[in-house]
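You will see chain A twice below: alongside chain B first, and alongside chain C after that.
And now, the complex of A and B:
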């Protein structure tokens, strides 16, 4: 234990990097606060935690993408401050990003050496670049020609090339940010071999992941973050799977959430989805949302819950299966993959990114809400806007604004979200699909948004949410469907659910699910 | 490993249309019009094409990073009036410096202050054109004899324009296809954010692109002014948009990241042959302009038929 928490890690020769009291804020949200730990030469160091725990933010600080508000990063004992990705690169820190950063119009070799092209007489030495790239590909075991244009590769191959970037870089610290999200089995094996090799070369490897198998298999040390705070840094062998889960979770519910209704007496569905495949390659899912019910799709990021919701909303075309909407009288409308059609059928989507996909920022509250009233109006009709209804809605929802003509961009996140909900209330839809209901919303407004959603359900509506906050599922939802690798692995009643159970299902998928049900 | 057939032309944007169009045009004109191969006509075509080619190469550099520069025509005009009104010893350096300043302004506006390239260069086009007319309100003035000689003397039977073209092509080809700067332009044009994550600076290359484009305009201006042996404050007017047409015909994608020097040569020849050919056949220049518009739309659509689904 002492080797992992010495008083002054920077004084230890094997210590490559030390974080000291790192704090990073984005606007009102604190992504990291007071994080301190150290990383050592020749180790593979896992950084793990729930969604939004601050894993990626921390590594982006190290990669020079962000700079911390306070605290310092010690590299080989000296405090460093990188001016952008270029500076971190020069200091010997390489990152393999979660998202693809390959340029589709460049060859594999050019992508691997972009920014550090081998030169001869001031010109690019094309042959040296190709040969060195080919050597790296061969060493990692990637059967690709270095001369191929990256845009011609399939996604899995592109991810392999992305990983090869970590091998090209002449770096002391290599960061892998959720590297296996898009890799198949053999791809993961290649990555494991590469990491073992880099470890032997005395590099420090940071491995961001919430896949327990990989953490236990690859990593010597594990750091757990929770809500932007450092929980622990320990040798992985001292941890069990259960330890990991319970260290990642644990949060007070507080008094944010409205009381649930007793289970709805009527069991008529408002929305049903059967054998539904949101994305090619994912298992089909079936579920229904009843009137009066709030259902949550819980899971770790990248496991497909977002895609399921978006496919129901018609934003992405489902690969197979059927989604149906039932109106109050029981009439069935099949849902087609077009947002306009689903909105006309009575489904309202509240997207995660309000600014980009939801609200018209430069327009007024009234205009943003009025749009909902025109849901079924033909294009050439006169826009009849009921201003009294808008004012009444604003009052009911407690939107804090000067008046209905205030510009949406000038509202707080919470009030913007209320406007978004208001649009659908005005439009008379009876199913709401809500992504991250309270992202970027302050605590006070959170409670009001939960209340609005609950009232919507109590008045016969149905709500389906996705959220990366487990407490939100537990506090708000009547039923929680846990998604793992695109499959529904567990169904939990909201009132009985706890974070640890959800997390266990979300992390481990099927086997544990069978034990519960 | 053999599954991927290596793309013949990579990111050049060259395709059947970019190559076939000038070839077909050439064939039709040589069969259909006896005057086409006359020495006078070839010389005529050449001088029209030389200036357009130089400007289009500048436009290519800007297009690779996803930009556009329509002010380059005004830079030609400005160069022309500067050459015709200053003394021979300072005229060329002053013209080049002014052009670089225009490019610097465009680059700062786009790369640093985030102005849309079309608006930024539209503004500087209007500004520079006005400035040129202020210096000299009508064609005239005297051009240094050396410049006239540089633009008109035939060497070994080849017209001077040929050497201007070859030098410009060689410089830009090496710059784009052999230097790290060139590779990074392709990277920035494809996805500036990814390029930045790979440790490539984005701002300075962008700025440099606009300066290079303006300099290309100035060089075309030197050639044209020498060629007609007098200053003309509106000489460059058609070049701003024609250079965009030429590169688009040559398979350069204005969204950035795709294009080649060869494509620009082919596009320029196509555009030159359209106007010259129509002229020889006796078609009204207005009709030929209308046809050019249709041809541009058709050619670009066919090059992007995967994207538009035909």
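And now, the complex of A and C:
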């Protein structure tokens, strides 16, 4: 062990935790590689970076949810290996997750003390638990009764309880994973006060966020991750907003992307959306996708781009506004909030989660693609399946399989993604709505998928994508619409866009809005 | 060289393994029927007389028809336990004389009733996202209650002549009810294999959420499936009432469970898109044959019921055991 080597942060008494050369893989994907840095007592330490930079994965390693492939975590100078989340908690690490983990049928007090209920004579001491829970709530300034059933609370209140969990735990290290995503203004204030108090108590607070305001306001130290690698760890006061953005982005595009079509685009729209509210409480958006172009909805996770795409597809009911589809002759079809109707109108949704919503895993490639051919067929009619077309598609798309009868579940991620695209190509739709076109796909298949989407557009189709990879927007899209808090805050031409500009808009919203805050 | 030395035994041992895998993939009903026939050949060769086999086939016809509907539901990840209630109401409509209508209109009324029950089942399952088990079981209770209440006023009488003919008559040595069974089975098998509807059923069975997200008319498919299922139950009840010759308050009581067992034994599995129509049909015959075999061993009604329960339980266990396997 070299834990106490000279100049090693782990030898420093104030150093609570040190990550050393941490690598974590999920299948073929490397989520973290060689990450090393240290965290100190009595500081608030921001972990930031783009979507998919590895922030949450790193914190889940610390919380015992995952174990690293290689590298070590030094807790107080000693290498530790947690056997699961309970082990991490016993070692004094508490986590407040971004998603709700409350049990809705239990009271606030029961949730706060779940798994560490105060006991008396071997039984749960209900009164002590309630009193202690109420004390915690009061200390954090949450005006809630500890006896209320969590399921009866509104979402914002549930998040406050979630945050109070971090205060209950007698932990030395508290991790907040995107804690403000669902909080309103006063909720954020309460959180800020709680964090300040915990800092004063000498705890180390890891604060995962890509909200610049909060990082600059709350955090002493900032660690930036990019593509699973450690970029820098330095005092926040030495950073400017612009530094932060530049450090979070920037990478080589390579030859992954097909050439954009240089000829002037036809100007007739394939899809238009006006005053469209995908979710209640979000601002209305208006945009159009023209034939021959690929448009990207870019933004940070949770800012509503996914909901816009899903509402257009009819998978979720829009709260207001209008979406229209134009066919090649210019005929207008209003889109109703039902996927059966939008698919008939000529829209194809390629969902992010292939397994859950995309493919018929136990069926063959041929059966999966054939279902696209039946998009408009009456149910009682004979299923006319053009097997030659299926074989031709498999060849064009370079789907690597034994033959068309191979079961889809046995294909690699990239080939599964191609089957999903193939189903819509066979169906004859002219608008594709694609969520995360290349999630969980290897680099070779990525290039092929980009080529397929580009060809689809070149043949008069229109494509709308969401993606958490900025390079995908820049390399693939003709136009990029940046979404911030549900609103379209910028429109950039794909060929002029760079990661920094997109991130700036995605992080700060409208320039005017940024100035106000 | 070394390669061939290693490979040769592997090649030689491949054949039995492939054969074994093929056999293991066959519906249990095929293997079970063969085993039962062999067993009967040894212990009770009398049962294998063509005349008796045709009788057993005739007994199996109502179940076989109900099984068509049940397997359709299961392929869509649904379930229809309302067969007993449907059979009871159909029996009551046909035999109580409560409605003084010509036979053809009574039959039409029964079919209409089947459509309504199927649509109500589908409504609760799709719109209210209720469990198909609970919805269709509740349906049995409601329908049973209605018939019990009504039958206080009028006891069931005898079946209409046309249905008695279908249930009992034979052409040559061939029972008419078996022909009805085949007449329902063959077109349905063809329809499910060739039609757009059949493709949708497979898709929904394989992944309902994907079916929903890719614009397959999910709700309509479930409606059609459940309505067809109820209609097969009505047809099945026609054969039962016709065969018995009169109505009773126990008509079709074991139809739902037996059909479930037959579907499972027939190799239809939830959501794999697998399972034809023939496997379950063979299973219907297999169940009836086994009941007869048990009778020939002198087992009384209670013993038969216990054996029947055991067979269904075994079918479910075998199904679960196989369900765990196909991932490999």
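FYI, the second predicted complex is superposed on the first by the 501 of 517 C-alpha atoms of A that agree within 3 Å, B and C clash if a C-alpha of one lies under 4 Å from a C-alpha of the other, contacts with A are read in each partner's own complex, and residues count from 1 in each chain.
Note that in this section a contact is a pair of C-beta atoms (placed from the backbone, for glycine too) under 8 Å apart; a residue touches a chain by one contact, two chains touch by 3 or more.
Remember, predicted model here, so these are calculated numbers, not experimental data.
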Which of chain B and chain C A:149 touches, first, second, both or neither: first
Partner chain in contact with A:106 - chain B first, chain C second, else both or neither: first
Partner chain(s) touched by A:176 [first = chain B, second = chain C, both, neither]: neither
Which superposed partner A:123 touches (first chain B, second chain C, both, neither): first
First (chain B), second (chain C), both or neither touched by A:456: neither
Chain B versus chain C as contact partner of A:19, first or second or both or neither: neither
First, second, both or neither for A:115, with chain B first and chain C second: first
On chain A, the residue positions that both chain B and chain C contact, one per complex: none
Residues of chain A touching chain B in the complex: 65, 84-86, 89, 95, 97, 100-107, 110-111, 114-117, 119, 122-124, 126, 143-145, 147-149, 152-153, 165
Touching residues (chain side chain A, partner chain C) in the complex: 313, 315, 339-344, 348-349, 351, 356-363, 367, 370-372, 374-375, 377-383, 423
Chain B residues within the chain A interface of the complex: 1, 4, 6-7, 10-11, 174, 178-180, 183-184, 186-187, 189-191, 193-201, 257-258
Residues of chain C defined as touching chain A within the complex: 194-200, 202-203, 206-207, 209-218, 220-221, 224, 271-274, 326
